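Alright, structures below, take your time with them.
Look at the two complexes coming up: chain A is in both, with chain B in one and chain C in the other.
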Partner chain A sequence: MDLRRMKDEEKLDLCRKYYLGGFALLPFLWGINSIWFFREAFYRDHFDQQKQIKTYVIRCIIGTIIWVAIITTWVVIFQKYRADWGMIADDMSFIIPKGEL
Partner chain B sequence: MGGIGFISMTLIIYCSLLYDTGWCDRVHDKIYYDVFSITQCFRRLNATHQVGCASDQGGNVGVLHYVPAEAELNWLINNGPHKPYIVLLTQHVFNGEVIHALRKSGKVNGVLVIMNTTDLPAHFSPDSSCPNTNFELYKGDSKYEHCKSAMWNPMGNDLLMTDIEFPIVALLNETQISFLIDECYEKFNKPVNGTTPRSYPLCGAEIKAGMDAVKNTPTCINRGKTRNLNPRTVVLSDYSLSVILDDITDSVSGFPQFSEQICDPLGDANVFGFLHPIRFQNKTDFNDTLEEGSIIMAATKLDATGLFQYIVPGAYTTVAGFVTLLAAAQALGSVKESIDPVRDKPIMFAFFQGESFDYMGSIRMLYDMEHGPFPTEVIKDSDGPHPIKPGHIGYFLEVGQVASLSGLYSHSDPRSNQNDTVKSGVNKMEDLLEKFGKDLNISIKSASDDLPLPPSSLQTFLKKINISGVVLTDHERKFENQFYNSYLDLYSNINYTATTKDNQTEVTALAQHLTEVATVVARTLYNMSTGHQYNGSDNGLMADSSLVAEMLYCFFLSPRCELLNFTSDEHLAKRLPEVPFDYYVGVERDPSLVTLHIERILSYFIGNAVNLTAENCTTYETHHQRNPYYNYMWMRGPVNASSATEERVGLCMETTVNKSLATSPAFIKGNDLSGTEYPSWSESVWSAGIPNVRVFLIPDKTYEIVTLCVGIAVLVVSLPTLFLFNRRATILFLAE
Partner chain C sequence: MDTQAQNQGFEVQEDDIEVAIRQPGQDSGRTTADPESGEVVPHHRQGQTSPPHRLPADGTLLDQGEHTTQVDQSHGQSSSEDEADDDDSENEIVHGAKHVIMLFIPVILCMLVVVTTISSIGFYTKRDGYLIYTPFSENTDSNAKRIRNVLGNTFIMLGVVVVMTTVLILLYKYKCYKVIHGWLIMASLLLLFLFSYVYLGEVLRNYNVPMDYITVILIMWNFGIVGLICIHWKGPLHLQQAYLIMISALMGLIFIKYLPDWTLWFVLAAISIWDLVAVLCPKGPLRILVETAQERNEPIFPALIYSSTMVWVVTTVEPDAGNDSGTSNIKANNMELVPLGETTVTPEESTVTESSPRQDNGGFTERNGDHEARQRRRDEVARREVQQRSCRDEQGEPATRVSVQQSDEPKERGVKLGLGDFVFYSVLVGKASSYGDWNTTIACFVAILIGLSFTLILLAIFRKALPALPVSITFGLVFYFSTREIIAPFMELCSVNQVYI
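Right after this comes the complex of A and B.
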């Protein structure tokens, strides 16, 4: 999809869809949305839908930051305590390093 | 486009040709010297621990340091500046204390041991000083547990049960060993005047012996089962030999066949057989007609273990014992017509596998008896052998380590002996052993009353049933064997002089001794069964000394002996190994050759030769229709005397001998692996396949850094240069 060829109302529609889609525990949609529409929201000259796009993008950025924080914390905790948790952690793992606890 | 494809194809082909001709190898050869003839210590796991050795997944590298005598260790531990080290030890220095000192120093990344079968240390036993204490009979007994009243294996240094942080590798080839010492250590690493360390370049060694499994058996079994994203390797072994394998895979059907296992359960098969098949007395309702406590079990173990893969000679630990029991079985087999199948007590021979690992073979057989069907399924409305329950066993005579030429001791359990019935049975057996021993000038005393049982399969049975059991050994309070479960448990330690291929039946002192012990065992069993002595011949019941000599030759020196050639079928005969057997039980998916041969030898000794063709003999359906009490086994038989070639006439044996699984019940689906009830020993999968050792020169650190910097500098300079060239390409190349 090429944003340059889209009409502004279509852009808003798309931006909203990504924003709403992110609530289905899909943080990547928010991440993509915040980058994709960043220029539209903050740099482009004013247009009618800009304010709403801006709201969505800001919310997406906040959502993304929260998700990154959550995931990072989990990854750190998991990596740190995986060996101690034993079999529960093994069952949660996709790839278990060989020859290591 | 096609041109580029063609050029790259040519390049690939050219390169692979170069590789084959060794051009590509040259750089490798210039850097490394590969040490091929090695065998290594590897990792095993039980319910709670990992034991043994492993390198890092990528291999362990260190500066090679040769320690010919213990005194020179101090320099390495206190002064050696070039850590980590790979330490090269002679056999005399290689012992438990040294390994622990090296572990404590934190400077050592691996150990190489120079193996030598002639210049032995005084003792070396890597097993625990109280073997198999985790599954002993005396657990929780304040007086006897953990060998409190008798330390059976005082030489045990416990290395087998220790989790060693670095790899230990034994070197077998003298040329390679002297390369390591002369070309590597002496030239580059040996401290000047014995104290001043040398400077770089130093000679380093790398050991790759990575192990995949960690922590304990439950963990690695669970990891193997986890359906994860790891690339799967197909686990396939040589199925052709494995008559028992089908049963094995059934019993562990909890493990997916094609998943990535990172450890394999230890296991194999027990061999057992009866002098006469035990039949139902009443064939209409198949009620239990076997008298409680009537079976006399004659048992021994089939396996030993050691630190290094493939080097488990087990001469004293196990071979002498099972050869003795086989010889006793042969003696009884030759007179079995005089033992009544109904009136006299049945005799059962049992050869347990995997006993070195917490008695797993006997534990499994007892489990099979309890949970049935044992020995085979009873098919209603058809004839078949009587099932055996643990309660049917009344007497147990175990042959332990018996190779020492001095006197023997009969051990019994002081706790069971408090029961009068048990005690009278024990006394009867001990009296018979002593009496028959005296007839042959062997002193067989009963061991002191305050002694518990030495490590033995009998302990497993006494945990569950009250039976009169005696263990026959050559020691009283501690093992005479200085190399229990060791890689140095060689026949030369037990006064066995090697006989030659043409002289396989020559009776050596050891063969004579074991024949006498076998005779005593056979006579005792005969008397226990019938209540009187054998009176069919003038000399009484005798074991065959030349047969014992032959068995010793087969099991000590060369499996390509006449007896094994005789008892093997065509397929097995082709697979008789050139080198002596290895008595490690191994993983269950790799059936042990020893087990298969013991089954055949026992069948030959106590079975009946029948006149059947090879085809009829081996066809399952026909023999099952014929006689459900027996298995039929085809052997190559004796060499045809009238034929000029090595052609054999063939022989069909009708036999009660069979195998049953010796894998711990812990691995049966539904049982737990936590090791409270059953042992759960497993062996880790080896990461890189074949472990390897290589040596090379380690340059100075500054030299390494300079090389790296120069490389980076060249890269940095080349990028703008190339950019400029590209820009000014028109000057260099004529513009069109």
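Right after this comes the complex of A and C.
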């Protein structure tokens, strides 16, 4: 897909779909959306749909940041307290690192 | 040549033709001049899964196809032929290099991913089990028996590939698009979720990184779904390319892990011969696929092909259209287009509003500095005209748009390479690296790239879809065996005797 070849209405539609899709626990989609449409939203000369695109992009950026924060926090907590949690943490573990001698 | 297939159905008025042609000659001559076919249009296909494509015109959009056609015709008839020819050869050289680079990068990336994975993660070189396609064991006492088993395995693999390709072609021929899409989506689903899950697990295990299921599930879910969206629906081009490279690499890794040693080398040879047959024989399945796609003016499924640029041709408006025959021109175009039916698609793509001339033209540089400006001016003119026209006759909107697009010249061209090519290139290099000898790995790496450039040169000469595997794989195999059997022992001997060359 190349944005330069799309009409503004389509861009808006695409941007909206990506934004809505992001709610399905897909922060990656939000991240892409915010980067992909960033230029459209902030740098291009004014056009009709710009305002809406801008809203979506801003929300996507916020969403992405929140998700990154959540994931980072969770990973940090998990890594830090994994050993203390005992069995529960073991059950949650995808990879349990091997110890070294 | 290929373009002819698309000719049907159009009547092009003389005016148009002139315009189409001339324009190229003047400003961006190079661009248009070649579109006719070629050089640009390379494509390759690959053996197994992926089909080829023709490029330049191939359009996703009908119009492009047409467009090209127009140019072609005109080319034949018009007096500007000579100039165009000159331009052509010049362009070929300039563009050829760009194409080589444009394909080198993804191919190199794909091979690098495989080589680094193979050399750092033990999982992919450890034997545990084989695919059901290779039922015969290579671990036998006698060489004769081993050869027999290897040949048996190879024929079964090749048989599977041939059958699958044929099924795909039949489905395509009878327009069972739903089935094909379902099939491709299943395949990418498998690669994006299962194989990448295994891959992620192995990477983490290799580096001993603790990880919890919650994070992993979230990552896999995001990775997989976004991949499906980008490959099969709409997504940024670079992301799509990245995903295609990743799934090719994953597929290559699977082959390396699950194919027995000798079978793998024989399969590589067999596949490249099959590729040759499938693409070049008049009744070869891949050739039929390409031709049918051209006839129908459709792109080949994105999940099968890596394209270096967007397929769409971009729109800019003709200069001449502005002045003399402007309106009539548009009208004429209009008429042609409308019957096409698919016109609905077109307007979407034509960004009448902001079609910046500066598209991602995949390295087709516009040499005139002021070209852009001119184009913009032209756009303006055309737009104005369109507006006027739509004021004039009410029903204008959609139709007008289409027409504008129609009169545009194709700008973007890229090269296409079947994903299967990526897979088998990286299988060869990956397998070579799995023995741990860097000389061999690098020799294969370079051999494949040389083969690829050679194929691109052939492409410029023959101007039709060519198989990308045979040359590269032959080079790769020759380099692999000669390096492994001759150069490596020689170098060893040299270093033992302290001889430095």
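Quick notes
Here, the second predicted complex is superposed on the first by the 99 of 101 C-alpha atoms of A that agree within 3 Å, B and C clash if a C-alpha of one lies under 4 Å from a C-alpha of the other, contacts with A are read in each partner's own complex, and residues count from 1 in each chain.
Operating definition for what follows: a residue touches a chain if its C-beta (ideal position, glycine included) is under 8 Å from a C-beta of that chain, and two chains touch if they have at least 3 such contacts.
Bear in mind the structure is a predicted one, so any value in this text is a computation, not a measurement.
When the shared chain is aligned, chain B comes close enough to touch A:M87, but chain C does not.
Of the two partner chains placed by superposition, only chain C is touched by A:Q79; chain B is not.
Partner contacting the larger number of chain A residues, of chain B and chain C: C. Shared-chain residue A:L26: touches chain C; no touch with chain B. Contact with neither chain B nor chain C is seen for A:I65 once the two complexes are overlaid on the shared chain.
Of the two partner chains placed by superposition, only chain B is touched by A:L101; chain C is not. Shared contact residues of chain A with chain B and chain C: 93-96, 98. Against chain A, the residues of chain C that register as touching in their complex are 201, 204-205, 208-216, 218, 221-223, 225-226, 229, 234-237, 239-240, 310, 312, 314-315, 347-356, 359-360. Chain contact summary for the complex, chain A toward chain C: residues 1-2, 4-8, 10, 14, 21, 24-29, 32, 36, 44, 47, 71, 74-75, 78-79, 82, 89, 92-98. Note for the complex: chain A touches chain B at residues 86-87, 90-91, 93-96, 98-101. Put simply, chain B touches chain A in their complex at residues 54, 56-57, 210-215, 218-219, 222-223, 226, 228-230, 262, 687.
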